[in-house]
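Dropping a structure here in structure tokens format, bear with me for questions.
Letters A, B, C and D mark the chains in the order given here, with residues in each chain numbered from 1 onward.
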Amino acid sequence: MNYRPEELLAVTLAKLIRAVPTAHIAVGAASPIPAAACWLVVKQGDPVRLSLLHKRSGNPFTEGTRELFDLTGQGRIDLFFLGGGEIDGQANLNLIGTGGWPGREVRFPGSFGSAFMYFMAGRTILFREEHSPRVLVKQVANISAPGISEAGVFRRGHAQALVTGRCVFAFHPDRGRFSLASVHPGETVQSIRDMTGFDFDVDGDVPETTPPTDAELALLRSTICDEMLETYPDFCARVFNRKQAA
Amino acid sequence: MNYRPEELLAVTLAKLIRAVPTAHIAVGAASPIPAAACWLVVKQGDPVRLSLLHKRSGNPFTEGTRELFDLTGQGRIDLFFLGGGEIDGQANLNLIGTGGWPGREVRFPGSFGSAFMYFMAGRTILFREEHSPRVLVKQVANISAPGISEAGVFRRGHAQALVTGRCVFAFHPDRGRFSLASVHPGETVQSIRDMTGFDFDVDGDVPETTPPTDAELALLRSTICDEMLETYPDFCARVFNRKQAA
Amino acid sequence: MTPISLEAMAASVPDGALLALPPDNSLPSVALAKALIRRGARNLRLLGVPVSGFATDILIGAGCVASVQTSAVSLGEAGFAPRFTAALKAGKITIQDATCPAIHTMLQASEKGVPFMPLRGLIGSDILANRPDWRVVESPFGTGEKIVLLPALNPDVAAFHGVMADSHGNIYVGRRRECATLAHASKRALVTVERVIEANFLEDERMAPGTINATYISAFAIAARGARPAALLDEYGFDADYVATYARAAKTDAGFADWCAEHVFESQAVAAE
Amino acid sequence: MTPISLEAMAASVPDGALLALPPDNSLPSVALAKALIRRGARNLRLLGVPVSGFATDILIGAGCVASVQTSAVSLGEAGFAPRFTAALKAGKITIQDATCPAIHTMLQASEKGVPFMPLRGLIGSDILANRPDWRVVESPFGTGEKIVLLPALNPDVAAFHGVMADSHGNIYVGRRRECATLAHASKRALVTVERVIEANFLEDERMAPGTINATYISAFAIAARGARPAALLDEYGFDADYVATYARAAKTDAGFADWCAEHVFESQAVAAE
């Protein structure tokens, strides 16, 4: 394996981005791998606008921090990324904590904008590197943002997929369930079942997640690392072995 | 008479302003006499903040044109000035036009912010130089902004007074009627009745409107004219005989 | 993002569009209004943000307009808007009256992506009585307050004149933030500018606060003095003589036609100056 | 308007106040938070606008806080906020969870002077289930849409750190317009700044768009590097090492007490540097 797991994930996310027409993506601060995926799509030549939310210089918003939410409310954000301390089989997200409300066992930082963005973005890619029964649970302890909504509730988009360190799930809002789309090298349907707390569908043969090409790796390690260095110095140092100039 | 009618009106308005604690006044563009009154209050030493809405340099608003209305909605504007193509005895204002909706006989420019400001400013001084049965009517043809409101409608303030070229009326929101507060030199209660389309109360003897003092006139013609020259060049030329430097 | 021509911009505004225009104190693109007259636009539904001025009056005079939604139509110091007044009297246009903060609120509802937004005031006004699209509700918070809910308003096209565009299509409008709200709330924003600057305003802390992100801008065109006779921040002042001359000429159909021939059609170069 | 001292500003915030604080990416006044610790403030009800960061965690650690309303409490790259987490577990504070745009919306309602404002999303979230002060209604426009109405939120005190004040008390915050909304929505706005400039920012077209009018500012104090460890526009960057050191120290009560003694109490001069 001539690539790092983070590089596989970035390339995999990039393919999911390109699978659907996408004009504008917003990316949060804590998401270096999704950010790398977005830059990959841009550097591969797709005319995608990226709004990097916590970029210090060139912050895209001039109306203050509400602008991201207004922009998304207007329907101008085609794709957002979300994670969760817990994610369940209905694609419900828990960023609150485990145990009773408001996280009596383990308190997570909180829901941020998830209870709005998950409804109002054109679609969401769920991303969580840790793939364990602790994170991928049958039912989340507390719902920060629901995976599907009842009739009468305005909802522009849903989860497109859930990408983890072990596999890619596709989400089907009509049936409110995930199906296994591909497994990363070294994983099997059974190994995924063993590590997943929720039930999911397996429709036919499940392929292996396509590894990065040399061209993709070259892009990631050069121009994409350049773009990311200011916002994600630790990530660039760890994954691309690149230090920021002092 | 060693003063102009506009100067009497400015001084009269200034007295009405000072009669009630006033921290912040907003003044529209078409209101040079109210603006002069506000400057008079300021130059007489009262710590009043003036927001001059159409001042080109130093426009007080940095949130765009909605900020005046937001500011007033917040309860931060203690006093606003309004006029009207028609004003009736209940202090209803018509800035729409005469005849059926939307002004089939004579169309006025429109209501501007009156349907909001009249409710949300701490109080309003109504000002209209023309005092005739054409303007001061029994009932306005169309209500841009009502003088009083029914229970259950949030209303922060009402008309304090109506100042015209002939007299000062006080407004009593509890009884929804004007009373004659003073008549300008040369007018009588009867002459006011003759020129007023609506019925109003006369409580005891009606004094004559106090004329400007020499000190007030000196202020108006010097420093206040200086302040007003940029925004109201025509007014300063006409009333104070001052031309703006080229 | 590269500029398009003013005439191409005018061609991109379809007949019948709901076209939002700021008034004379708020960066109107008079250049685009004139180009719309030249292209013979028809049945435009104008929205004054929140009132209407010179650009609205000339579009009405040239027969481009079917209706106006606004809080007032005025030429300011130069008085009533003559072509608006004449067209309304002749039944050639309809008007839907509002009040300034109601228009801001309806645009803010679109900006936030909500279907409606509340506004105080209004109750007891005939404006409300003539707006079947507005609703009075009792507050669901148990206070007994009656309050108006206004529906989101989503113009087809917003048009205004910025000071400058940068290399990325970001537009500088300074403190005239109502143009930003308008761009956010509209399906398309068409902007004329004095000039294009090789820069990225969003990377410049001093420029960014007065900038509208290019993500909201559909196209921009260079039109020097494109707000004239309106003022443009500290770039140039209000041309009161120009408006007064117009107000006198436009009192009659013939006078307007002459004015229009000279100031709109005779030479685009002259018109844009 | 002339500056007051930082300690006088802290003294003006009463115990029990609803105190709104922007997070680390949005001009927090860490200087004022430290001064509040020094004055021994108690029972503060903090509001994260729309999330909470370093300043909130140190105020909680010092025992100044009774409750937090926020959309998240985090030290960003440095991880979970240790004093928040410990105090919540120990039952020393309560938390009222929200989601970012809900907090913006509740402040915008106060900014507009309306009693409530709608927001999409939220329905089906346990955040909503735990907010008895929020309402779900069916749109009165006949669409059948269910939507949340949020009540106006009017903090007693807003505190943030601007770049500079001018001679009139106008405050420059650049593109961080959320500080303006916060000032508009609050009963009082207390602002620390790096410096005071002899000028009127409202008379300067380049400064005005990033300025908050003094009409919303109750008082300002000079506190050099007053946002630190947070960044201040292009003035200084985020001090990740300072926060990481804090996060390690504040894992324990004793570690926090030591950190606090050194960084809050030892010398105001050092703390403000």
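Basically, a residue touches a chain if its C-beta (ideal position, glycine included) is under 8 Å from a C-beta of that chain, and two chains touch if they have at least 3 such contacts.
What you see is a predicted model, and the numbers here were worked out from it, not measured in a lab.
Path length between subunit A and subunit C in the chain contact graph, taken as the least number of steps between touching chains: 1.
The most distant chain from subunit A, with centres taken as the mean of CA atoms, is B.
Taking each chain's centre as the average of its CA atoms, subunit C and subunit D sit 36 Å apart. One inter-chain figure worth recording: subunit A and subunit B are separated by 59 Å, centre to centre, where each centre is the mean of the chain's CA atoms. Here the CA centre of subunit A is 29 Å from the CA centre of subunit D. Among all residues of subunit B, those that touch two or more other chains are 57, 59, 61-63, 69, 73, 120, 154. With touch defined as above, residues shared between interfaces to two or more other chains in subunit D number as follows: 108, 112-115, 119-120, 145, 147, 175, 177, 180, 208-210, 234.
Shown here, the protein chains touch in an arrangement that is not a line, ring, star or fully connected set. Under the contact rule stated at the top, the pairs of chains that touch are A-C, A-D, B-C, B-D, C-D. On the subunit D side of its complex with subunit C, the touching residues are 105, 108, 112-120, 135, 137, 139-141, 143, 145, 147, 149, 151, 174-175, 177, 205-210, 233-234.
Taken in their complex, subunit A has these residues touching subunit D: 29-30, 54, 56-57, 59, 61-66, 69, 73, 95-96, 101-103, 107-120, 142-146, 149-150, 152-154, 234. Here subunit D touches subunit B in the complex through residues 110-115, 180, 184-185, 200, 202-203, 208-213, 215-216, going by the rule given at the top.
Against subunit B, the residues of subunit C that register as touching in their complex are 25-26, 49-51, 70-74, 76-77, 80-81, 85, 88-89, 95, 97-102, 104, 108, 119-128, 130, 138, 144-147, 175-181, 231, 234, 237-238. Chain contact summary for the complex, subunit A toward subunit C: residues 24, 49, 51, 57-63, 69-76, 120, 154.
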